[in-house]
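What follows is a group of structures, each given as structure tokens.
Presented sequentially are two complexes of subunit A, the first with subunit B as partner and the second with subunit C.
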Partner chain A sequence: MNNLNFTFPQKVKTFCFALMAVGFISIIASFAVDTPSVADAHYHHTRAWANILIGSFFFMAVGLGAAFFMGLQYAAEAGWATSVKRITEAVSWFLPWGLSLMMLMFILGHFGVHNLYAFFDKDVIEHDVKVQEKMGYFGAFWWARTILYMAGWLYFTHKLRQNSVDADHVSDNSHHWKNVKLGAWFMVLFAVTSSTASWDWVMSLDIHWFSTLFGWYVFSGMWVSAIICITLIVVYLRKLGYLDFVTESTIHDLGKWMFAISFLWTYLYFAQFLLYWYADIPEEVIYFQQRWENYKALMWTMFFINFTFPMIMLMSRDSKRNFWFLTFVGFVILAGHYLDVIVMVMPATVGTHWTGLSWMEIGPFLGFLGLFIFVVFTNLTKRPLAVKNHPFMDEALHHSV
Partner chain B sequence: MAGTVTKKVIHGVYDDEVPLLEACKKLGKAGIKIKDVFTPFPIHGIDPIVGVPRTRLAICAFLYGLTGCGLATLMMWYMMVSDWPIDIGGKPNWSYVYNIPAFIPITFEATIFCAGHGMALTFLLRCMLIPGARPKNPDPRTTNDKFLIYLELTEDQTSQADGILRSAGASEVNYKGIVTEKLAY
Partner chain C sequence: MHAESQIREPLILGNKTYSQITDDIIRPVEGKANKYWYMLFTVAVLTFLWGLGCLSYTIGVGIGTWGNNNGVDWAWDITNFVWWIGIGHAGTLISAVLLLFRQKWRLGINRSAEAMTIFAVICAAIFVLFHTGRPWLDYMLFPLPNQFGSLWPNFNSPLLWDVFAVSTYFTISLVFWYIGLIPDFATVRDRAINPWVKKMYSIMSFGWGGSVRHWSRFEEVSLVLAGISTPLVFSVHSIVSMDFATSVLPGWHTTIFPPYFVSGAVFSGFAMVLTLMLVVRKVYNLQAYITVKHVEYMNIVIIVTGSIVGVAYLTELFISWYSGVEFEQYCFLNRATGPYWWAYALMMTCNVVSPQLFWVKKWRTSLTFTFVMSIVVNIGMWFERFVIIVPSLCRAHVPSTWTMFHPTFIDIGIFTGTIGMFFTCFLLFSRFFPVIAQAELKTILKSSGEKQKKEAALHAHDHEASHSH
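Moving on to the complex of A and B:
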């Protein structure tokens, strides 16, 4: 193992700032041009705000997915991914940034700066009996839950990472066993809060609609996105000459995860669709009707990229061992899951004013991507790229499939 | 005898998989063909060293899956659309394509059922693990704690192979008689 101290290449840093500048400018510009073609009293730069929410949520979810993956490895006592553990840790620590952005959006919504969430909008509440009935769930209780999710996730992610670093300086395995316990408890918390947070933060955009499966559908999307980000960073760092101790089999296994979780996503997406399609109850099927009528092309593209594309591209062993190919497929699926979040948020907010995918979506995506890469790579420079004294490290170094 | 060659059967027995792998690598370098390897558990990464070709089981799985997918579609089309269309939940089965979401779960399950069972059966048949099959294991201790390299060599390669097996740390090198093979012309 050599070259354990990552230095942030200046070129990449410049690239990140360029992306952030593009994002910033396009967000400002979209506020200037974003007006509905048909007059609508409830439309206040909704598309521009929705794009900020989408970017914040997507990359927050990537961080959260990585934190979940980290906890999962401990709870399952799995050893194969120990050699890429520091990458997972770095990705997971985008979480404070992502959650801050989400919190900012909630506070702005609470004070009526944007009206993405109907339960923040006094005008809507006044005229909608169904929303009034739900206010017990959405008022102060909603804020209490939001704060609980954020505090809980940050606490566990921070603790898991801190113990991992502290373990580098001691000779026994005590920190590892602490993390096994923490990981198991985090799984319990995450199982509940990942679902409820998806309801509270994303599903609540469609204030009248509900689906208990929605949380798992969002969760599988965030999980596969996190796996892709970890894989892409590992492949990139190896190209730069780091991570020579990560075996090809480990990356092959990450590719298998990409493949498998893409199917989990498809399974959940289709399960949700099938039940609503079959029952055909107006208040339930409205969710898919909105998407079918105004977002048909986007919905089919998103479904094709997230299901058919990985199925065909990642089925064979050779495709997962060709890292250029894996990188290409990873980027495409990552974009596919961003589209998925767009299809979740846009019909509920912009609705019929949608005019098709444009620079107003792509610009903010690039901006948030720049921020994400910048934060994650900065995190990577702060710690050695390999863990010391981890009881499963030896297993990971000899991993072979 | 004309057209035949006589070969010696050699068992290189090891206590661990690491020296066994080393011996396999050395034999490969010396150009000596390994007939087979018997171990108590699967050893990762041994296939390319011993010279076992990549498995074609995945191709079979694909074909079985395709069969299952086709059969399920045919069955449901006949039962639900062609023979006796039933109106379920306000969705009359006049068309397969319009009602396709309802048929997807069964197509999926049938695909997996056929792929899974077909693959398991193919694997068992390919290994000749059928009722009444006779064990081909040359040394019963390989089912317990011994690792064995099985060689069939002509006289001129024997002493070199013996040296390699021992130098890699074989606990025993056993000579188990001779076999006669027909020469391929």
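Moving on to the complex of A and C:
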């Protein structure tokens, strides 16, 4: 095991700043040009704001997905991925950045700077009886929950990471057992809050709409996105000459996870769609009608990329062991899940003013991607790339299937 | 090279060798059954016969002998169907999903769990086949050409999807189970003294020779079947849930149903596996292979799936309020506080509250406590289906159709009859088939045997010592 200390290549750093600049400029520019196609008193640069929310949420969710995956591996006594644990840790610590961005959006919403969330909009509340009925759930209680999610997730992620780095300096397994316990408790917190947070932050954009499955569907998307990011970074670092101790089988297994969780996502997306389409109850099916009428191409593209694409591309063993191929497929699916979030958010906010995917979406995406890479790579430089004294490390180093 | 961490507990206890494993697992098949086996078998067969009687009466007189009525036109029949199908899921999960996850502990229990799947699906099938009212026309469930009659199955109906899903599931599970049995049948054949027994097991083992080529094919087939079975674990119970969820009835129509049913199925299935395995390990002296660690792992699965089910219950409850749909709101209020509140309370206690007790390590490693809990969970999961079905139907959209449901002795008789049938089949299985996949189990002896692990630890220690010199 050599080359355990990652140095952030200057070229990549510059690249990240370039991406962030592109994002920043396109956000500013989109504010300038973003006006509704027909006059609408409720439309105030909605698309530009929605894009910021989409980027913040998506990459926050990648961090959260990685934190979940980290906790899950402790709780499930999984050994195979111990050799890439530091990568998972680095990705998970995008969480404070992602959550800060979300918080910023909420505060701006609260003060009426944007009106993406109807429950912040006094005008809507005044005229909508159905929203009034729900105000006991939104309002102050909503803020309390939001703060609880953020505090809870950050606490567990921080603790899990801290114990992991502390364990490098002690030869017994005490920190491992602490993390097993923490991991299990984090799973409990996550089981509830991943659902409620996606209702509170995403489903509530369609203020009248509801679906019991929504939380699990959002969760599956964030999980697969996190796995893809971990895989891409592992493959990239190996190309740079790091992580020579990570066996091909471990990367193959990451590829299997990409494949499997893509199916989980498809299953949940389709279950939700099928049941609402089948029963055809107006207040339920409207969600898909809006998307079908104004976002059809995007919806189909997104579904094709997130389901058919990984199914065909990642079915064979060889495809998961060809790292160039895996990288290509990973990037495509990652973009697919970003599109998924666009299809969640845009119809609820921009609605019929949508004019098709453009630089207004791609620019911010690149900007957030730049920030994400910058933060995660900076995290990677802070601790050795391999864990020491981990009781499962030997299994991962010999992992061969 | 394969490595196993020292902190993983051994899965085969004691100082076992390959031949001892063979002896321990095959001997019950060769020996005579003890009196407990005969006692249990008699009870099971009598219950089964009683169920057959009730079933015959139903065929002769009609579905009117059941408690179903105009409002509640689905009751115990569908409850029992879903309950049994759900129980079957653990077998497939253990044999397929845990194989893909490389969980070695599955090898102590997979054979019996798969057998349980087969028997549970047969029990489940009885209810749908007889609820058609004219079981002699059941072939019409399949898409036959119109010349057979005027009824072409409705492809839009989840009930037809069920026919495909369940029959595929049954077929694949049966093949998977049987393929696994082949090397073990060959072992029984090779050890048999009685020529008739030898002949029988010889036929059943398909001429297994144990060569490398046989094993390589065996492993390939297992992996392919696991790949096919894994989606089946999801699809079968998802489609069962759609029997309800595609309707517009409040309490049935909700999107979380498919994954929540799958989780509930695994939950109840593991409870039944525990009920059976705790008895089997004792009766056949298999404590070295079905260890307390196995039981603990299964109990952890119970906590996880029980909690997922709990989250789903609360999600449904919350969204029924959040939706602002009055029918939905009333439906859940009625479930919790209506005439069947006791069933709802029982469901919540057994399925959500009681599994949480397994957070205490002392309890999840206690065999007696686990046994009691496994029964509790099975009761809870039966009531879950009852709560979904009957209270929703007895208080549907039109209040003039509101009515209560009372099961008749025929309802009860058929249900207990299937339990009798299930145990009859399982007892016969455990008499004539090796209850643990002994050939496959041997593959983990070197890495997970107690003695072997100790030796490896010593060796690693020596290794370290020689390095530091």
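Simple rule for what comes next: the second predicted complex is superposed on the first by the 401 of 401 C-alpha atoms of A that agree within 3 Å, B and C clash if a C-alpha of one lies under 4 Å from a C-alpha of the other, contacts with A are read in each partner's own complex, and residues count from 1 in each chain.
Rule of thumb we're sticking to: a residue touches a chain if its C-beta (ideal position, glycine included) is under 8 Å from a C-beta of that chain, and two chains touch if they have at least 3 such contacts.
Owing to the predicted nature of the structure, the values given are computational and were not obtained by experimental measurement.
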**Prompt:** Should the superposition on subunit A be reported as showing a clash between subunit B and subunit C, or a fit?
**Reply:** clash
**Request:** Quick one: classify A:Tyr278 as touching subunit B (first), subunit C (second), both or neither.
**Result:** both
**Request:** For A:Ser400, select first, second, both or neither according to whether it touches subunit B, subunit C, the two together, or no partner.
**Result:** both
**Asked** Of subunit B and subunit C, which one contacts the greater number of residues in subunit A?
**Response** C
**Prompt:** Taking the superposition as given, does A:Pro391 touch the first partner, subunit B, the second, subunit C, both, or neither?
**Reply:** second
**Request:** Name the contact category of A:Ser195: first (subunit B only), second (subunit C only), both, or neither.
**Result:** second
**Asked** Is A:Leu213 contacted by the first partner subunit B, the second partner subunit C, both or neither?
**Response** second
**Request:** For A:Asp168, select first, second, both or neither according to whether it touches subunit B, subunit C, the two together, or no partner.
**Result:** neither
**Message:** Pick the subunit C stretch that clashes with subunit B in the superposition, from 146-154, 290-298, 308-316 or 452-460.
**Reply:** 146-154
**Asked** Hey, what residues of subunit A end up touching subunit B and subunit C alike?
**Response** 274, 278-279, 400-401
**Item:** In the complex, subunit A residues that touch subunit C
**Value:** 77, 79, 130, 133-134, 137, 173, 176, 188, 191-192, 195, 199, 208, 210-216, 263, 267-268, 271-272, 274-276, 278-279, 281, 283, 391-392, 394-395, 397-398, 400-401
**Request:** Quick one: which bits of subunit A touch subunit B in the complex? Just the residue numbers, please.
**Result:** 270, 273-274, 277-280, 316-317, 400-401
**Request:** Would you tell me which residues of subunit B are touching subunit A in their complex?
**Result:** 44-45, 58, 88-91, 101-102, 104-105
**Fill in**
Within their complex, subunit C touches subunit A through residues 1-8, 102, 231, 234, 238, 242, 245-248, 253-259, 307-308, 311-312, 315-316, 319, 322-325
